[in-house]
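I have placed the structure first, in the form of structure tokens, so that the comments after it can refer back to it.
Naming follows writing order (A, B, C, D and E), and every chain is counted from residue 1.
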Amino acid sequence: MGDFPAMVELNVGGVHYTTKHKTLLSEPNTLLHEMFTGKPNDIIKDAKGRYFIDRDGVLFRYILDYLRDSAISLPEGFREKERLKQEAEHFRLAGLVKTLNQLTENRPPGCITVGYRGSFQFGKDGLADVKFRKLSRLLICGRVALCREVFGDTLNESRDPDHGGPDRYTSRFFLKHTFIEQAFDDLQKSGFRLAGSCGSGTSGSSTDLKPGVDSEENRWNHYNEFVFIRD
Amino acid sequence: MGDFPAMVELNVGGVHYTTKHKTLLSEPNTLLHEMFTGKPNDIIKDAKGRYFIDRDGVLFRYILDYLRDSAISLPEGFREKERLKQEAEHFRLAGLVKTLNQLTENRPPGCITVGYRGSFQFGKDGLADVKFRKLSRLLICGRVALCREVFGDTLNESRDPDHGGPDRYTSRFFLKHTFIEQAFDDLQKSGFRLAGSCGSGTSGSSTDLKPGVDSEENRWNHYNEFVFIRD
Amino acid sequence: MGDFPAMVELNVGGVHYTTKHKTLLSEPNTLLHEMFTGKPNDIIKDAKGRYFIDRDGVLFRYILDYLRDSAISLPEGFREKERLKQEAEHFRLAGLVKTLNQLTENRPPGCITVGYRGSFQFGKDGLADVKFRKLSRLLICGRVALCREVFGDTLNESRDPDHGGPDRYTSRFFLKHTFIEQAFDDLQKSGFRLAGSCGSGTSGSSTDLKPGVDSEENRWNHYNEFVFIRD
Amino acid sequence: MGDFPAMVELNVGGVHYTTKHKTLLSEPNTLLHEMFTGKPNDIIKDAKGRYFIDRDGVLFRYILDYLRDSAISLPEGFREKERLKQEAEHFRLAGLVKTLNQLTENRPPGCITVGYRGSFQFGKDGLADVKFRKLSRLLICGRVALCREVFGDTLNESRDPDHGGPDRYTSRFFLKHTFIEQAFDDLQKSGFRLAGSCGSGTSGSSTDLKPGVDSEENRWNHYNEFVFIRD
Amino acid sequence: MGDFPAMVELNVGGVHYTTKHKTLLSEPNTLLHEMFTGKPNDIIKDAKGRYFIDRDGVLFRYILDYLRDSAISLPEGFREKERLKQEAEHFRLAGLVKTLNQLTENRPPGCITVGYRGSFQFGKDGLADVKFRKLSRLLICGRVALCREVFGDTLNESRDPDHGGPDRYTSRFFLKHTFIEQAFDDLQKSGFRLAGSCGSGTSGSSTDLKPGVDSEENRWNHYNEFVFIRD
């Protein structure tokens, strides 16, 4: 251990890095710890005296970041997670492997649809000049585990007759609140994006009107459906 | 301070930069200021005599830009804001940390929907050959703080019975003007993008017609809803 | 074979790589195996003594990764697959060529639409306050081979009068289940993305009602169509 | 001027460039012209004798391109326009600054919506088996200056009662032709992209029919609205 | 010609490439052929003896690829086509210029819309439990030349009264088949992407029914319109 210089120059697959010797030792039981507490002469050196590591040179940037900070912050939209995990496994960085697994395991891909039957407030509020949105329920459909992950306590499962097992699909969930935007915010926080949306009106003239329903409210009935997807 | 050369060569985690010594001193109380007003021999040097810094080499490009111009202009769609903030914190660049925080804090992610009930001008204008868009209100729904940030003075909150606290969701806001495109421009300026849209017509024949409403205008009633999301 | 050093420095079109000699020999019958089991002096060297290879320097990163791990993990959204295949062919890496071919051949581009006629449960459930989605069939349209690849056992082909040859288009398939989200998840797993969606309601008043159909259910009838595309 | 070599090696913030001395002088009154017609010894050199410039090394690629060709061709979707402008200003490349300003000033961000009320040709053509699209007007809404920029001579402003000042919003413009696709092509040429679209049908049975309007044409009436946005 | 080494080291604007001398001569009448069949001493060399070329160093990667393989395979979504063409013109690589021109000239940007009036099969098939999509015509609108390029033999122009000149817009084309997905696949193969879609139902009760039309089929009539754009 004492035979390495304080600053170590590395040649990782042809890309050159410079770091402190103690950075390489920051995690015990790793391949780098093993290499750099052994004898310096056991590591091949390149023509410039840099210690040679036969792995991908580009991804080593994040390996080194992880060793410096004991944490990893990846670029937004980073496209080499799987590749980086392979490198982390090679170097036996258990913490980094775990973190990378969580990034993908905790966020399986999938689809959730949010739908609502809505209209506008014409009834008791009918004299006012602004008619606001009026909707009764936000319906949530999709795989049970995904829906639970996203909506947590705001999810009402009381009407699901199958007491949905986590891998089943259901179209019997709804939310305890009626704010579309809150549902969308929850989906966004969980990494879903809005992939498509459909709107449709209803048919039928006012001869269908049930007692107590304003005819204008009835005319403006519509069903809007939003498809959210997580990659 | 006098012992450093006017031009300093750096090895930042293996990436080489060259800059003026005075650039490194441009902000007081920073780690770089401390390092480069101390004794040159206290900084580790690499084999080529470059001063060694054990941090990410790629992001140091922006650290240096910030020191040169006392301002930061990031690439559009820059994906390493969080990572850069970590570097700025390490180097104790308070101004840069603050700027980066503002970029994310001032622009929290979220969703706003814009909806309108519209038709076309058939009434008094009925003899003209072009029927223009006619709409009464632009309805704004979402988290109160977000809506206020985007629409400012053009937002009418008078009909929100809860005098919405900033973290509540509301569907009782509307705009003081009726130009969809102005609302969309305001959303775009605030970093929102249109993520989905739904249209629906109405139902019911002209037997429902209330006095003074043209039957054609009634037939063309529709509700269009636009979902804007900020990442 | 014995005349090469354990660590080999390469100049691939001007980009420098360092790797173990045995990594270059990991696949028999390849151009690299041939070069690096021959006489060292038969390979041109650059001024620094690196072995010279007259090919694209950037893509060689993946060639080397493949040799190290006998497998390839490409960045998500990798945009140089065709270019990499050319390099793999040049180096006679049959396994890599095959893998890259599978990535594109097994996933031909194309389009599938999913449509459903739906409404809400008003009938026997009519007293409950929540009306859930109700739909009879998920219709699948597109090229037969694509539909089979995506939906496998969940595809019902019994009503396709042409017993569709794989290259024909059909609009006579439907699914054995009625969960939109499961269909979407299957499409996502097969690399399709939702590219567009259309919704429409129906027309006609309740005078059309057939026996046993609730008039509200009838009013809310709609057809939603989703277009999925694989690039 | 005579004291510089014909080929000049540069160290721009740590990135190395090589260019002809005369390339650096191709624009008079610039900082580079000033530097490289002065005394060579007035410019700091790095350890390898390269002339040192304390600016961003990556963006200098485009500075040099501009000097070589007296024109600039940026990558499609280039994300560092603002950053490059700062560099151009630093080097006093007035032509490049102007070009970069035009790229953003001439193309302010904003939104335009295109809408049309349409149906199909059932009337006199009613015996034919194909019913083509039939629409009367393409309505254009948005900020006046944007609409004028995109549609030019094809824009009909005759019905705008406010004789719209360029910064006002209007919903009273329409086009002189009725080809949706031509409008979309014009928007695309001006850098707009289709961000969302809404469709809706109409309501009301044929008892509303006005004289001379085919009842089928009436049934198929719809309003489609397309939102175009320029970033 | 004999005076150049077999392997040539290049300094292209500061980026270093290594290639075979004969690769540089692979195309006659080019600037590189001219340079590297002349006298070696006529080319400026850098301090390391590399032959110097005062052009963009990054794009030279593709110039060299083209010379090695006499063909060019660009990264998917390559964003520097225009910039590369300038380099190809500078080096007088007529074949590469032609290839790059074809990439853009053969694929002019533009817009095509596909629309269809559809319903479901209730009539003679009315007893079956699955109602499949039923549509009569796929309407194609857009610039004539674009429509012809995409749909070729499957395009029916017989109802276009203007016998559309290639630069005119038409809304009088339709397809000889009725598979939406085949039309979408053809558009995708020609480089178009689905940018937006609109759906709308119809109005009017069954009192409008013409003889021989099932009332349910009538109720489900809808018009879906899809906008495809090529960049």
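Just so we're on the same page, contacts are C-beta pairs under 8 Å (C-beta built on N, C-alpha and C of every residue); 3 or more make two chains touch, one makes a residue touch a chain.
Keep in mind the model is a prediction, meaning the values are calculated, not measured.
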For chain E, the least number of touch steps when starting out from chain C: 1
Same-residue or different-residue interface between chain D and chain E, half as cut-off: different
Identified repeat of the A-B interface (over half of residue pairs identical), from C-E, C-D or A-E: C-E
Relative orientation of copies chain A and chain E, as a Cα rotation angle in degrees, nearest 5: 145
Centre-to-centre distance between chain D and chain A (centres being mean Cα positions), rounded to whole Å: 33
Chain A and chain C, separation of their C-alpha mean positions in angstrom: 20
Of all residues in chain C, the ones touching two or more other chains: 196-205, 207, 219, 221-225
Contact graph of the chains (line, ring, star, complete, other): complete
Complex interface listing, chain B residues touching chain D: 6-7, 9-10, 15-20, 23, 48-49, 61, 64-65, 68-69, 73-78, 120, 128-133, 177, 179-182, 184-185, 188-189, 193-194, 196-207, 215-216, 218-226
Of chain D, residues touching chain A in the complex: 198, 200-201, 203, 205
Touching residues on chain A, where the partner in the complex is chain C: 11, 13-14, 44, 46-47, 52, 54-58, 79-83, 86, 109-113, 115, 117, 136-137, 139, 141-143, 159, 169, 171-172, 174, 195-205, 207-208, 221-225, 227, 229, 231
Residue numbers on chain D that touch chain C, as the complex places them: 199, 201, 205, 219
